[in-house]
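Several structures are given next for inspection.
There are two complexes below, and they share chain A, which is joined by chain B in the first and by chain C in the second.
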Partner chain A sequence: MTTLADGAAPPTRMATLRPIAGLEARRYARHPLFLIGVAFLVIGSFTGGTAATGAPANPEQQVATILPAFFLGLLGVFVGHQLARSMAASTEAVEASPADGVIRTGALCLACLVPGAVALGWTACMSLVMALKAVPVSAAISSPDRGAMIAASVVYAVGGPLFGVLVGRWTRFPGAALVAALVLVAWTFLGTFGLLMPASRLGTLIHLNAPFTSWVSSDGPNAPLWLAGGSPWWYLSYIAALCGLAATAAMFHEAVGARRSRLSRVLAVLGVLAVASLLLAAAPDPTRLTL
Partner chain B sequence: MTTTTTVALTGITKRYRGTTALEAVDLSFKPGVTGLLGPNGAGKTTLLRIVATVLAPDSGSVRLLGRSPATPEALADVRRRLGYLPQEMGFPRGFTGFGFVDYMAVLKEWTARAPRHDEVRRVLDLVDLGDVSTKRVRALSGGQRRRVALAQAMLGDPDLMLLDEPTTGVDPEQRVSLRQVLSRAGEHSTVLLSTHQTEDVAALCDRVVVLDQGHVRFDGAVVDLVATAAGRVWLADAPDPGARASWRTGTGKHRNVGLAAPPGAEPTVPTLEDAYLLLLGDRALTTEAAA
Partner chain C sequence: MTLRGVDWAAVAVGSAAGAAIMIGCVAFAADGPPLGYVRLALIALTAAGAFVLDEPAAATVDAAPCTRLRRTAARSTAVMLPFAIWVCGVLALGQRTSLTPVGALLVEGAGVLAVAVASAAVLRRAGRIEPGEIVASVLGAAMLAVLIFNPPPRSVPVFPVGDGWAASTALWASLAAAAVMLVVAASQDPYRR
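Coming up: the complex of A and B.
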């Protein structure tokens, strides 16, 4: 007797992946840090949302991206990391199962869509509320660009947990998740130096290389707000490629033989896509538009 | 019962940083229960890990269930048909007994929910944990946790069961119950049982393999090993200085195990433990004392 019914063909990788991803998604959805993040997101949407809607000069997309990025993305680094490390105590039993490490890691990466789904729902609700309240929006931002800026919030919410999974797969030391979160924060701050520079393509490139970005800034506390240069759509492509890189690099850790070679090629393609997207994001006229 | 060789190890050598865990070991196993005995560091766990496909030998060939687990496909095929209980097994935070075994069942490609849950209930009932399966694993006693770990190894009634100290921390009543379960499994599966409990081996196994410092010191029927101690175990009112081991029993008599009983000694029926002590000599005694 075996684990499979006699004569039955072994399930395909996809057939195995689906239930594991389902289990991991449920584990993600029940994780205390994720639930805390969702609670703060909801609370923040009332306080931050009011501020946004009450101050027309403050574009709504700022709130719409910061909150999911912080409460789902940054906290998600810890959730993703913990889920990736959680079976470490049972490693040998897990490794002796037919579902190999690539499938298990792939399932974890799919589970990271849970915060993305929450961010999507939250963004949709916020957009609906703002539309119903007829919140004034700046004419300096085109509707497609506004869409890309807001859609980035979903990618932020997915990217943090994927980064956590990546770190969980490649490192073992306690505190790795904290270091990973600090790296993300530091990388984001690095990007703000681009906003301090005079408008230029180099400044835009530095600004947009960060995994989270703010499109609106000013030259001082009482100075008028301006919109940073760059293409929101290519920036969206850039951060999506970073997510793909994180997921692929996490799976790469577990891969052997031909799959490792295939994943190497995927990593190379995603790397090229990320670099190209970043360059294209910084390519447009760097002139800053006053809002 | 089929008599096909299910595990064939030829010239298996494994070293850890200069320490030899296994040295040119040749062993083969057929369906039935085989006990692996040996002092700490004898190579029992290394042997089981190699057979469980979680550790590759430095040299030698491994054939499991008629296949060489060299390709990913063959490896997955073998893993579909084996159950493995590692020596040390932790549990992720937050899992119930049912949840953990269910998770392992998904990894073992039980993709359909209803039959999977039936199977999880079956194995939990086998180890007498049906009534506490909804309790968190961390709230269970050490023996109960060990039984949860054993339950996952029994999922799907595998053709090859590798159990590393399955009865550690399990109370006597449960041990007897587990012996019944394992002896039934041995009717159609190959069960390799690594343990320090000679009474489990004596009660359960048709065959015993004694490992010492990476070498096979004995491989044969349990009765044959016990027979090697015939006439070398005797009772006396005082410890015999010529005995290899001597201890005071509950009757007040001293049980002496040595190379030969002195003239006039009161011989007694040897046990597997006596034979094991005689086979391994001082190394076994050192390990027994440490245990």
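Coming up: the complex of A and C.
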């Protein structure tokens, strides 16, 4: 008589997700483009005059976010896309494994925390150096707002790779990663039109709808600097919601049945959250404060 | 051996993206050319140009009685599509606003596209049969970095916006000439080395 022995319980999704996420994180950390980005981030930090030269508030605000945004976020679009595409190539081989496409995409999204961790460490180092060198900061920017502006660099570093994963899961055409990077840059350039407009809530809305923003600007090369209107904390919430949307939309590609409808609801909630955050970010007094 | 072998999907997508951005630039160029966006269009067109030497059937084609130089020459004519879009866009910008440095932008476009094809030819020579993806990504990322950070030396601006057009034109003309020579050198068949 044949007896069927009770097999081991199937692994839970979390138990499956953890090792795959670790594997994907190691793949991300070893990617040449990520390593090049980290190298340029370090070089740019020493040559960009952020902390070393005791620069005033403007370079602190602008450079402190654009370096990780570009070298970890924008280059991360290419890394995330390539990792997602390489995962698609092995789909048939891993079909028998307990991890389905949603879990593997989720693991890849978790791996995008690697550049975020680097950005966090870099931001902490820069803040420490600036504190030690007593870099003067403008009183027009409150400490919490400055914290939100700088914290955005971590979200930029995570958001770019997540967008790359999203594009990698949904598109097939060659050069898609570059097109995705161009879309992000063009969107950011469009946001700068808000800075060219007179101070208004509409101008702030146009300025802050971009996935990357600069809070300090001026009316000309020698004109005094001013701080753009808007709430840095709500803007941080907005770009975090965009990150969530990118990750969920990437996982949505492989989802079926109940999981697909659950992800649809998550997408809807995140969409509402993103719109609400953007509106709240643009709601405060749009008056521009001279630094 | 002919243009039939070119990955037209990739070339067309990049060219279409570049054309769409250029149309937007011409539409909003009343006060002067929006050079930032014009360069974004050039990046998309460069990506299109990077794919013209992709040869997925290289193993088969290499055995055909046709030199790699002839194949490269035939395929390189496909770069005329993104370049034609660039020329039309720049001329239209010149018509829209007299502030457009038409000549300098045309040389810049030719130089960038030549560098893209040369990079692809070098990778093709190194054994990568489809160099388009990597050339488009690396060159595109490098161009975005230059566009955003404007690195030194300031005396020879790669993508000028105010002044420095003469130096930039000389730079891109030199790079274009060097790139053409590189394409020829990298397209020799291995037995002719």
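By definition in this document, the second predicted complex is superposed on the first by the 275 of 291 C-alpha atoms of A that agree within 3 Å, B and C clash if a C-alpha of one lies under 4 Å from a C-alpha of the other, contacts with A are read in each partner's own complex, and residues count from 1 in each chain.
Criterion: a contact is a pair of C-beta atoms (placed from the backbone, for glycine too) under 8 Å apart; a residue touches a chain by one contact, two chains touch by 3 or more.
Keep in mind that what you see is a predicted model, and the values were worked out from it rather than measured.
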Can A:Asn222 be said to touch chain B (first), chain C (second), both, or neither? neither
Of chain C and chain B, partner touching more chain A residues: B
Figure out whether A:Ser143 sits in contact with chain B (first) or chain C (second), or with both, or with neither. neither
Answer with first, second, both or neither: which of chain B and chain C does A:Arg104 touch in the superposed model? first
Between chain B (first) and chain C (second), which does A:Met87 come into contact with in this model arrangement: first, second, both, or neither? first
Let me check the overlay on chain A: which residues of chain A are in contact with chain B and also with chain C? none
Could you please specify the touching residues of chain A with respect to chain B in the complex? 1-4, 10-11, 15-16, 18-20, 23, 27, 30, 86-90, 92-100, 104, 256-259
Under the touch definition given earlier, write down the residues of chain C that touch chain A in their complex. 7, 9-10, 13-14, 17, 21, 36-37, 40, 43-44, 47-48, 50-51, 54, 132-133, 136-137, 140-141, 144-145, 147-149
Would you tell me which residues of chain A are touching chain C in their complex? 33, 40, 44, 66, 70, 74-75, 78, 173-175, 177-179, 181-182, 185-186, 189
Which residues of chain B touch chain A in their complex? 49, 52-54, 72, 76-77, 79-82, 84-86, 89-94, 102-104, 106-111, 113, 149, 152-153, 155-159, 188-189
